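Below: a set of structures, written as structure tokens.
Next come two complexes built around chain A: one with chain B, the other with chain C.
Here is the complex of A and B:
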């Protein structure tokens, strides 16, 4: 016992010496947490009932009340992996899933997507980095467009979004389109950015890098880039028994419904 | 589908673009890179009318097979490491786009341009204040350092 105590003390004093590398320990722990999340939660999950959310909050009355309210408006939820990309992943999955049931709108969407590369290059994005993501994005859209049977197409969408290689390419491209939208309309968006960052700085630091979480401003720009509207249902520990809804842009008729819990987005279905 | 992995395909594209239109002061040995696409050595000339005019440096880029989702590991190598407040004497560089602000839409070219501009805007050649401590304690891989980006003006 005495020996053990002594070893412990030695360890402590060793750790407080400047030779110990705390950065590495912190980063290693961060990697470990990320690995646990990616091992256990698919990029985009299967449909689950809204009531299944109860399991996550079995002792939290505020959340349980709000889930009850949510369940009166929506039946299903599709969870996404909480990796900082959840808004972009959920949003593009949900839009495409909707479009698969409406061929005409899909074709329109496809045409706009085809021209989007030029917009990005005109804004100063490097041609070949844009092309890298554009090519994969269009490959996925084309593959989905060519499947006649809606059920088959939905299955393919689900597979593509759970294949990290493709899924992350879709996320990057939507991040780039969102950044482009912000920069195109920088006068409008600059008033939403705190501090003295320019819209371009904000895009380079908070929109274009992977894993950076999304805020109102990302959602507004993404909606505007894809010419669509989204309804976000906010569920947190704030007062009241109801979830609050926000339509972005205001007054739109939303095509996509998302559930927001602090730091995370999932997809909702009626 | 192509036989090349996405990271190889992307690196190859970048290589072709750099050979075709190298940014001013940037050059590379394409044949050597073709041997190993995941390890590049790039030659950098200090820009004219800056503190580094007439000096030349070598940058080493290491890529993982998850590039461009993972940022490249970039350090100065060789005999001559620039003396700069954001460059440690072991070649490590404190530059946010190499870790926190990396985006898959960036490239070898944009990293080179950022480093050239970082050197060019320097007003006084000096090592980072914590150089001795950092060089003694850091990992060989600069990406294993949790950098604090506190001063963009240099």
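Here is the complex of A and C:
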């Protein structure tokens, strides 16, 4: 893999005449990388034991120690595809999965979602594309709501989130809701944005486009848009033997637990 | 065969394109687009040259190719009518079309792409992919000629748009106008970037380390680097000065090198050793497999 990348680079620099269309070469390479990822990793995976993370770090003592600590708090992990949408996909999936076990909360959530479209249109999003995402989002929620048996509903959720078309639509709609939340409370969020970008700029560049990775600020806004809390467990090569936990918003009782490793989110289960 | 029976209507992407076809069913003064017969993923469009520019009076026809992942990924635009701004039969480089997928937003649409194309026409090309820098006169001539241009699939294109005051296209939404502004900015930025590329390249290099492969713009620059103008200019400098006062030049160079600390020398030494090792490994692999 590494060698291939190297030869590719060499070829490109040797042919670097102004006429050669390098963008196309780069895109071709990029597409190949993406294809490899999408061929090998499902959008949302099956439950796996936390200990199974060991396989990824067999020679890394720092991570192995931290996985031990993580395993003392959580039993299972559900991996998501690292395509830049992992936070939004994992968050949506985990919330809905939780709500399926609690009919009343689900109905409440459904009501909030039902009224969410107008806010987006008021903010100036194109009505007919917003409707497109909204309709699909509500269609999925309705389908889940109508299944009586919890086990079957969970199965349906899993299928929907592994159907690229639907799964991406769920991600887009949550991105739009997050963007709307940021813009609604722009005074508050503007302190978290580096540089001289406005909140609206930030949303157009970092929130609304697909495959853009999420930061703290995305998570805060997404939580507040869906009126819920999330606990993120940070696991990196930093000092200490323990994973660090962060509740967002601070002091909430989290409904969703996510594992963060640099650049990627997965779902955790007790 | 009707579109309805050919495609999986359950797929959100297909539903979306059906919706867009319906939305754009009626031509406006500025644009018209529709799927070509039996292919929902290839459209043909016509746009009117923006007034008060050298494209005024022109009609421009082209193809829109929708990727299977649409609307998660942007449409590709290809112009067919000679226009002097974009090459024909070539995918256009516009921040909204396929060459810059990272800036595309799924909440944009084919209509947005056409508006962007119209807004983008009067901007400077400056060597971006698919751009042409014809003179205003040449463009005006082409605009005149375009009125009689015909598409083999769609026929005479000047008839595709409606004329007169009776028609009013849907007003721009706030999102769209801010998008159009950002496109203009993007074009400006691209122009500036060409000029300052060499200065920036060192900084870009640092950034490259934490860059992901999704940022094609930055990567492009990295790939350009080995042949950057800066190095060739420097080479020329040395060659010129070498003939005049070699002694002074060398002294100057030594003076410059000294304050750059032993650290740098150590680093380059380390890099040479690593490169050497890689070379040995490669040779071993080639000859002793």
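Quick note on the criterion: the second predicted complex is superposed on the first by the 250 of 270 C-alpha atoms of A that agree within 3 Å, B and C clash if a C-alpha of one lies under 4 Å from a C-alpha of the other, contacts with A are read in each partner's own complex, and residues count from 1 in each chain.
One rule holds for everything that comes next: a residue touches a chain if its C-beta (ideal position, glycine included) is under 8 Å from a C-beta of that chain, and two chains touch if they have at least 3 such contacts.
Because the structure is predicted, anything quoted here is derived from the model rather than measured.
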Practice prompt. Once the two structures are overlaid on chain A, check if chain B and chain C clash or fit side by side.
Written response: clash
Worksheet item: Touching A:168 in the superposition: chain B (first), chain C (second), both, neither?
Response: both
Discussion item. Looking at A:84, would you say it contacts chain B, chain C, both, or neither? Reply first, second, both or neither.
Written reply: second
Worksheet item: With the two structures laid over each other on chain A, which partner does A:124 touch: chain B (first), chain C (second), both, or neither?
Response: second
Practice prompt. Scan A:198 for contacts with chain B and chain C and give back first, second, both or neither.
Written response: neither
Discussion item. Quick check on the superposed pair: does A:27 touch chain B, chain C, both, or neither? Answer first, second, both or neither.
Written reply: both
Worksheet item: According to the contact criterion defined above, which of chain B and chain C contacts more residues of chain A?
Response: C
Worksheet item: Which partner does A:210 contact after superposing on A: first (chain B), second (chain C), both, neither?
Response: both
Response to the item:
chain B and chain C footprints on chain A meet at residues 18, 21, 23, 26-27, 125-126, 128-130, 132-133, 165, 168, 172, 176, 204-205, 208-210
Discussion item. Touching residues of chain B toward chain A in the complex: what are they?
Written reply: 6, 9-10, 13-14, 17, 68-69, 96-97, 100-107, 109-110, 133, 136-139, 144-146
Practice prompt. Under the touch definition given earlier, write down the residues of chain C that touch chain A in their complex.
Written response: 11-13, 15-16, 19, 23, 69, 71-73, 93, 99, 102-109, 112, 127, 129, 173-176, 178-179, 182, 212-214, 216, 219-220, 223-224, 226-227
Worksheet, complete the sentence: In the complex, the residues of chain A that touch chain B are 18-21, 23-24, 26-27, 125-126, 128-133, 165, 168, 172, 175-176, 204-205, 208-210
Discussion item. Give the list of chain A residues in touch with chain C in this complex.
Written reply: 9, 12-13, 16, 18, 21-23, 26-27, 29-30, 33, 84, 123-130, 132-133, 136, 164-166, 168-169, 172, 176, 200, 204-205, 208-212
